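So that you can tell them apart, the chains are marked A, B, C and D in the order they are listed, and the count of residues begins at 1 in each.
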Amino acid sequence: MKVSVIGGGSTYTPELIEGFFDIWDKVKPLKITLLDINYERLSIVYDFLLRMIKRAGAEIELEMSTDLEEALKDADFVINQIRVGGNQARLLDETVPLKYGVLGQETTGAGGFANALRTIPVVYGIAKKIEEVCPSAWLINFTNPSGIITEMLLKYTKVKSIGLCNVPINFQKLFADLAEVSPEDVFLDYFGLNHLSFVRKVFVKGEDRTKELFLKVRERISDEERMILDNVNMFPNYYLGYFYLREERVEEVKHKPKRAEEVLKIESDLLNLYKDSSLDKKPEELSRRGGALYSRAAVNLISALSGLKEGFQIINVKNEGAISDLPYDSVVEIPVYLQKDRFHRYVIGKLPISVRGTIQSVKTYEELTIEAAMESSYKKALMALTQHPLISSMTLAKKILDDLISTNKDYFPKLI
Amino acid sequence: MKVSVIGGGSTYTPELIEGFFDIWDKVKPLKITLLDINYERLSIVYDFLLRMIKRAGAEIELEMSTDLEEALKDADFVINQIRVGGNQARLLDETVPLKYGVLGQETTGAGGFANALRTIPVVYGIAKKIEEVCPSAWLINFTNPSGIITEMLLKYTKVKSIGLCNVPINFQKLFADLAEVSPEDVFLDYFGLNHLSFVRKVFVKGEDRTKELFLKVRERISDEERMILDNVNMFPNYYLGYFYLREERVEEVKHKPKRAEEVLKIESDLLNLYKDSSLDKKPEELSRRGGALYSRAAVNLISALSGLKEGFQIINVKNEGAISDLPYDSVVEIPVYLQKDRFHRYVIGKLPISVRGTIQSVKTYEELTIEAAMESSYKKALMALTQHPLISSMTLAKKILDDLISTNKDYFPKLI
Amino acid sequence: MKVSVIGGGSTYTPELIEGFFDIWDKVKPLKITLLDINYERLSIVYDFLLRMIKRAGAEIELEMSTDLEEALKDADFVINQIRVGGNQARLLDETVPLKYGVLGQETTGAGGFANALRTIPVVYGIAKKIEEVCPSAWLINFTNPSGIITEMLLKYTKVKSIGLCNVPINFQKLFADLAEVSPEDVFLDYFGLNHLSFVRKVFVKGEDRTKELFLKVRERISDEERMILDNVNMFPNYYLGYFYLREERVEEVKHKPKRAEEVLKIESDLLNLYKDSSLDKKPEELSRRGGALYSRAAVNLISALSGLKEGFQIINVKNEGAISDLPYDSVVEIPVYLQKDRFHRYVIGKLPISVRGTIQSVKTYEELTIEAAMESSYKKALMALTQHPLISSMTLAKKILDDLISTNKDYFPKLI
Amino acid sequence: MKVSVIGGGSTYTPELIEGFFDIWDKVKPLKITLLDINYERLSIVYDFLLRMIKRAGAEIELEMSTDLEEALKDADFVINQIRVGGNQARLLDETVPLKYGVLGQETTGAGGFANALRTIPVVYGIAKKIEEVCPSAWLINFTNPSGIITEMLLKYTKVKSIGLCNVPINFQKLFADLAEVSPEDVFLDYFGLNHLSFVRKVFVKGEDRTKELFLKVRERISDEERMILDNVNMFPNYYLGYFYLREERVEEVKHKPKRAEEVLKIESDLLNLYKDSSLDKKPEELSRRGGALYSRAAVNLISALSGLKEGFQIINVKNEGAISDLPYDSVVEIPVYLQKDRFHRYVIGKLPISVRGTIQSVKTYEELTIEAAMESSYKKALMALTQHPLISSMTLAKKILDDLISTNKDYFPKLI
């Protein structure tokens, strides 16, 4: 098995690779190739990983490359974890919209929009190369906004793509902890879009324990989150708070250090640690980097697609009728039964009316964002932001869009 | 023909009745019965109308009543123009949401929501009486929020109901003026919800003159409205500005005298004029009362339903597939071909994506509002406001809802 | 205005041209170009038409051509009335399926299927030429099976195409006669597919007189047709009898002279008459040629598309939501409001359940037939026939298909 | 756990009960109550079963009753296996339609229609009693036509109902044998209606082995069945042959002994055997009774609904969006993931076009049949048969319907 990691120079890569320590012996020979455009960083991470692998006694052949075609050659799985413009660009997502009183965040709202516009052209290019070099490989997308990127991939390319998020696996763990069982025993009746999803029911070993576990989870969340839970009768994705607890979250975001800056600092610290040739295991500090359980989610997915395990995983896939009120060809985040070639969606049916409008308008925003990026359309970009529930106003959307265009400079397609 | 006017004591009634001066001779004998719960006001309006009718030489038998059953007896058409709580209650709609920086207005947003909650139970009661007393009568609803009230009627009662708004007829006149033709020569490719609608194309004598007439109409509108037109490529309902020009409109509404207060003053002036027994024609001052061309729209509709004329009229009716992306049984505002028993919807198809989310989320808000009122559900009321693009935030929605409940007192159903 | 008639050498053309005698003065200068691959026949018809035009005093410039590109140049309307393989091939449609006890007929069932397979490639070629030479022309298709041909045109080409059938205009006349009014006063609530349609309601001057007129029309039809009417509560297209009165119709078809042979005889007679240089008006015998009121339907349509008149006409167009239970992009036969650039479908909504299966399975047959022809697919051809309610059996379908392939020889695409 | 078996006096019951020998120790205490209207037969079966249970050493408390209410009391599962009118009535299903050259069979076509009309009123009555006596029990329906009966139950009652057929489990076994694995390792991508279903893909331990296993299964089937497989690229339910191999199957049915008569004979033989008080295990002869693996399917289902096992089972459930081209509230036969309270449909999406018409028209037939039975409507009964692909003709449908009404006498609702 060959796994290619696009953006492999990330300080997060050790977390990802560690996940393979559990399965290398079942899929051997296993080769992992790290690709990055930043050679210096890539080298540091690569050298450190060699030491980690050696210490773990894992038979993993590790390669590194700065050439996309070489890195993709013979790949069975491509993991996409690039960040276009790096955390410097992310800082724009977190600050520009805030000037207008609107959430700044790398995936939701205007920040996520900017991130999408920077990222879509680059990922599209990578996918075109995959079509050419390794057309039967699975592309697992981690790059945010993951739902939008996956929808672009499935609408505009032939690459077999899945969007992955760590929220579902963390929810599963949360409810497993509350029920005092292992995560495997928990099944979530879960639906929505990436970062706009709900848990409708929680099953433990097949038993519907929603009522009891929602009562328990109420104790772990803020008053505001409890209000959401109590009124929609579903457990909301944390990101839902950016919508339904808008004022509180904007305040919070305004007064907290920017995540981009934090991450820049953490990354710099981590790279220094990685350089230490005596270090041969994941340093404690890496947990501050975020992305809890991403490695677990990725390895679960690769295991299922390789036939090592079977069961439902919550991933971003084409709707194709799973949610009746959303377009047939758009991307949704739902449970899918996976086992090697099996890929069986779970029927959600009609959206619960209490949240139907929110999901339909964000889906409209997402489709318009993709079209804006692929067609370089200013009008579609403006209408995308206008359709977003966090903005709604076209005059406000225009101010933010013009500012994003000016600050994102060449990262953006030239919108006309 | 018998026409019953529910809320007939309105100072606006002379405008409505005047419309019948054009058709009485084609439908005679014509009886019009005015119903109102305010006897004093009803008497003043009634006496004045008798003089108007006499002067006009119209053979119209005018009655007044404060008894619903009596007023409905043998009616062919029932016109509903009540305002539950009067303009005093409307003042709440215009002021309470504004405290929270949100539009206050009798039909759109939180103001319209409060109006709906006050009005639905009363109109439902009237409709149940119509089912009993005059089941084959048409109910023409003017009462705002007209789309919501009509959807409630069509979902919860058997009354043949049509929702009417004066926006479409004014648009038709606007484009007729621009094209220098008579309104009959203009056909609008128009769709949406009441007060959330767009003109997609304008045809003059069958010719598609959209491009030219949109260029002309651009000169008549504000810079902000022009921005909407240019970006959605459709001519927006004035009320769209409450969404897409949110900040500007909120500022405007904040600093303008409240419409409810204006109307209270106008009504008082008008009633004084009406009392003057020498007055026997519509006073100039009535035009300040608003509702331009409502009388024309109503008489057109009654003419068509009576078989006096035929053609497309833009009204609020059940969707039944006209707009693919909205529920089959919800109410939409679209062109319908009318001639006596004919009632033929015009196919809109899929919503233009640039405005799809806005329309879908407002439709979600509307359905939840009706359910909240009919089921007295606090949760649904809260989710209705949360789904509304002008609010979006649940914490904000809660503040506004609690304030509306407290200020609207017994006008509201008891939400639990 | 230029009208190009593809298949202009038909003996039927005089009927068509006569229709223009009513409107030439409103659209002048009017040029009509007849195209045919049979020069001899074309010349006879052409010469005769020149005399007819002269006698009528119509200012119509008549041309003839055997070159498609020349004939299409500058055309505003293209009328397609070709018959691929002529009546000799039609004879196969009428005889081959009958060998297997199945209806033989040029439009319905296996006969219509064979006709479609012969015709689709040729009409596709013509349409590609129209795209090139006169892309803004309207293509009015008379060629059977008209619904299938029109769906192919709208799915695979960019030509503005409308399918026309004379059934709706004859129904309108029938009910007008029964109601003793002029056809313009009758509106039919009509829906379905070409040759598989129903009249749900009949309106006379806007009044719903369905009940009374269905009682009257009952007297004019056979016992069997009355059975259909009484059980579906809708007036069926004559062709519905091929489905619902299958045995009777097959018997009838078996024992009647074949229509193809009749038409061959009529055509020969007509051409002899046309050759008579003293003949300058439509001979009586032409009425035996069939196609009553086709000329009226065509001229009505051209008049509406030119802006000379307005109103509903029943034509074959893309569904786009008009009938909820059929694919969005398939072709249906429904009322459309036409006036120059206006083209406004009428909403049918969900199909009446009593006939839903019949219409859905014939639509499936139609789509498969088009795909079979365009993709030269034997499997799709076989499944098309298997899906047809007149066949249903795959073993039966295979026998018929193999026989049709063998007898139609090079007229068929090579199915693999 | 209490299981009530309605129609428990069937000679088939020993087969069913034997299934519980595998699970009684996991669900104990287990009580099984047999209900039947034929006391004599019930007693024979009951006594024999007591001996079987004893020999097996199973701790199962067995009861018998002729009182519905008593039998249902405290039931957790109700198994419905009644046959209204017994095999005498079934004989009508197998012979009456054949007089008209149309398949006679207890579930498909006109025979299944008659069976539905006899059965629906009786099962409706049972369900109403379940609503009253044991509202939280699951009703597992074996009674044919199982899809129609289940749809009636889910549309007209509140009983939690599942329709079960032994075809899916036999398919699973068939492909497991071909792949030389155990049935648990096979997953079928399966969809359709009861007795009108297809296997789209076969997965073995998650691997898509459709191609190879279809090649293998081709060797096991008749030439005609192979033709279906090859042309639809899906493995068809045996009953599909009644449609696609119509002529062959009608001939076969004509010349074979009637199944009803065979079963009458087998039943008589079996009852004689059961009477032998020395018999305490399932006699060999029972296998001739048919219904292979029904017991396995039932026990699997009960095990899953009780939480003893989990996984996909193919059952008849409400569509709710699983198949896009069929009504939302109709019943379909698809894989559902079951584990105690979990009940998660698998998304089928749009129907493959090659069989779309067949499935849509049979679904129309099914819905009309249910409405005909519940509303006692002759017109709907006639249109149901007319919509069925095996009949299609209304004149033919009328002959068959009138004959069925006359021969089924009081078993039918009085159609008006």
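Keep in mind that, in the parts below, a residue touches a chain if its C-beta (ideal position, glycine included) is under 8 Å from a C-beta of that chain, and two chains touch if they have at least 3 such contacts.
Since the model is a prediction, treat every value here as computed from it, not as a measurement.
Undergrad: Starting at subunit A, figure out the least number of steps needed to reach subunit C through touching chains.
TA: 2
Undergrad: If you average the Cα atoms per chain, which one ends up farthest from subunit C?
TA: Of all the other chains, the one whose centre lies farthest from subunit C is A.
Undergrad: Please tell me the distance, in whole Å, between the geometric centres of subunit C and subunit D computed from their C-alpha atoms.
TA: Going by mean C-alpha positions, subunit C sits 46 Å from subunit D.
Undergrad: Report the inter-chain centroid distance for subunit B and subunit D in whole angstrom, where each centroid is the mean of the CA atoms.
TA: Chain centroid spacing, subunit B to subunit D, equals 55 Å.
Undergrad: Any chance you could list the residues of subunit A touching two or more other chains?
TA: Within subunit A, no residue touches at least two other chains.
Undergrad: Sort out which chains touch which and give me every pair.
TA: A-B, A-D, B-C, C-D
Undergrad: If you look only at subunit C, which of its residues touch subunit B in the complex?
TA: 187, 189, 203, 205-208, 307, 310, 312, 320-324, 328, 335, 337, 339-342, 344-350
Undergrad: Where on subunit B is subunit A touching in the complex?
TA: Going through subunit B, the ones touching subunit A are 224, 227-228, 231-232, 243-248, 353-358, 360-365, 367-368, 371, 379-380, 382-383, 386-390, 392-396, 398.
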